[in-house]
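For clarity, chains are labelled A, B and C in written order, and residue numbers in each chain start from 1.
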Amino acid sequence: MTVFAVAPALPLHTAGKYVAAAYIVFVVLILVYVAIMAVRLRRTERGLAQLRDEVAAREADRADERDLEEVA
Amino acid sequence: MSSYSRGLRGLTIATVATIAAALALVFFYAPLDADQGFIQKIFYVHVPLAIVSLCGFVLGGLFAVGHLRTGDRRWDMRSYVAIHMSLIFTVGGLITGSIWAKASWGHWWEWSDPTLVSYLIVFLLYATYQPLRFSIEDPERQARYASVFAVVAGAFVPMNFIAVRLSQGFVHPRVLTLTGGRLPGSMQLTFGISLLGIALLFATLWKYELAAKSTRMQLRRLRRAVLGEDAVRPLGRSAAPS
Amino acid sequence: MRTVLTVLRKDLLLELRTFETLPAMILFSVSTFVVFHFALDQSTIAGQLAAGVLTATLLFAGLLGVNRLFVAEREQGGFDGFLLAPVDRSALLVAKAAALFIFLVVLEVVALPAFALLLLGPSLGPPLGGVVVLLVLADLALAVIGTLVSAIAIRTRARDLIGPIIALPLLIPALIATAEGAGPLLAVHGHTFPEGRWLLILALYDLVFALLAYAVFDFLLED
C-alpha cells in the first residue's frame, strides 16, 4: 500500500522555502565540520612531514660524524 | 589506539547510503501530512537530530562514568567527543526546530512547546562544558571535573524533560509532532530510516574525530620520543591525554 | 556527622564574624525589588508575575552566595587540610550545603517581608505557610546544586563566571516548579497552599540531585 507523493521537484511556494532551509542547515553543518577536520588533517600531515625531515637530518648528521671518526 | 579508524570507511559508506535513502524516501515516498502539508517534511530532519543529540549527551555521561571508575583518560576523550558532537547536533536541532515553528505558527520560537523548551535548557547547560574544561589548566583535573560535569548533566537530561512536561499539564501545549495520532506505516518507515541515518552520521563523525585526535596524539609522542621533550610544543585547548 | 557539624559551625562563625556574604545577598535582593518596580512600572504586582519576580530575585541572590561558598577553603588551603584529615569526604558536601541552606533561609526571612512591603499587592498572611514550604524545598535544590557547582567552579580560572552559567540551567526545573507553585498563592484571593504536583516535583528533584552530588563529590576533592 505505497502512496507516492506528487511532484518530486521542490514547489517554489513558501512551504518549500522553509523545508529547503531546514535541510540546507543540516547539510551546511556537516560540510563545515568536514572542512574543519580537513584543516586539522593538513596540520597533522605537515607535522608528520616535519618529523620525517628532522629524523632524516639527524640521520645525515650521524652519518657524517661516523665518517669523521673513521678518518681519525 | 588508532583502532578508531578501523571500519571507518565501511561506516561512512553505510551512513551515506542510509542518508541518501532517507532523503529519497522523504521527498519521493512519504505522503503529505493532512494538517501541515509540505512543511511537515522538516519533521524527518529535526526529530532525528534532536533524538540523536540527546542520546549523545547521555552517552557522554556514560563514558564519563567509565573514566571516573577506571581513571583511563581515553574514556574521557570519548566522552568529550560525544558531548562536543551532540552539542553541534543540538544546534542543528534547535535551528531546524525554530524553522519548523516559524513555518507552522508564524514565529521563530514557541514557549508552549515543552520539548523545544527543554531542548533549549539542555543546550544552555552543555554550552558551558567547553568553557569549563578549558578554564582548568591541569589536564588530569580537567578530565576529572569534565567527567563529573558530564555525569551530572547526563542525569539532568531526562529529569529536565520530565519536569518541563509536568509543568505544562494544564496549558494545551502546541507540539511539533504530527497531529492525528499514530503515524501511517509509510511515514514510520521514512522516519525510521532518517533516524538510522542521523545516528550513523553521529557514529561516523565521532569515530572520525577520535581517529584524528588519537593520530595527533601519537604524532606528539613520536616527536617527543625522537626529538626530545623540547621539540614538543605544549597543547593549547585540547582534551587529548597528551 | 561530627565532621559535618564542625565544618558547619566554622562556616557560620566565619560569617557571623566577617559578615561578608549574607548582607550582600540581602541588599542585592532588596535592590533587585526596586529595579523590578521601575522595570515593570508597577506599584504592586500579584499572581504569577509576583511569583516570578520573587523566585528570580531569590535565585540570583542565592547565586551570589554560591560563588563565595568555597573561597575560604581555596585561599587558605582548607581543601588540603580537609583531605589530610581522616574523615569522610562527603561530609564537606553536606556541611557546605547546610551552610548555604541556612544562608538562604536567613535571606528569605528578610527578603520575603521586604517583598510584601515593596511590591506585593495581596496580603502575604494567608498563603504564608504555603510559600514557606515551597521556598524550603527550593532552597534545598539551590543548596545542593549550588554546592556542587561551586566545588566544580572553585578550581577553575574563571570561577565567578563559570558557577552561575552552569548552575542556572540545572536550576531551571526547580525554578519552574517554585514559580508555578507560588503563582496561585500570591494572586488576589488566591489559594493558601500550593498544588501537590509542584511540591512533588521539587521534592523528587532535591532527592535525585542530593544522591547524584553525594556520588560524584569525592572525585572533585581528589588531588
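Just so it is clear, a contact is a pair of C-beta atoms (placed from the backbone, for glycine too) under 8 Å apart; a residue touches a chain by one contact, two chains touch by 3 or more.
Just so we're clear, the structure is a prediction, and the values are computed from it rather than from any experiment.
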### Query
Where centres are the averaged C-alpha coordinates, which chain has the largest centre distance to subunit C?
A
### Task
Average the C-alpha coordinates of each chain, average all protein C-alpha coordinates together, and give the chain whose average is closest to the overall one.
B
#### Entry: Length of the line joining the C-alpha centres of subunit A and subunit B, rounded to whole Å
21
### Summary
Cα centroid separation, subunit A vs subunit C, in Å, comes to 48
### subunit B-subunit C separation of Cα centroids, rounded to whole Å
32
### Message
If we count contacts the way the header does, which residues on subunit C are in touch with subunit B in the complex?
### Response
148, 152-153, 155-158, 161-162, 165-166, 168-170, 172-173, 176-177, 180, 197, 201, 205, 208, 212-213, 216, 219-220, 222-223
### Residue numbers on subunit B that touch subunit A, as the complex places them
23, 27-32, 37-39, 41-42, 45-46, 49, 88, 91-92, 95-96, 99-100, 102-103, 185-186, 201, 205, 208-209, 212, 215-216, 219, 222-223, 226-227, 231
### Message
Which residues of subunit B touch subunit C once you look at their complex with the stated criterion?
### Response
68, 121-122, 124-125, 128, 131-132, 135-137, 141, 144-145, 147-149, 151-153, 155-156, 159-160, 163-164, 166-167, 169
### Task
Sort out for me which residues of subunit A touch subunit B in the complex.
1-6, 8, 11, 14-16, 18-19, 21-23, 25-26, 29-30, 33, 37, 40-41, 44, 47-48, 51, 54-55
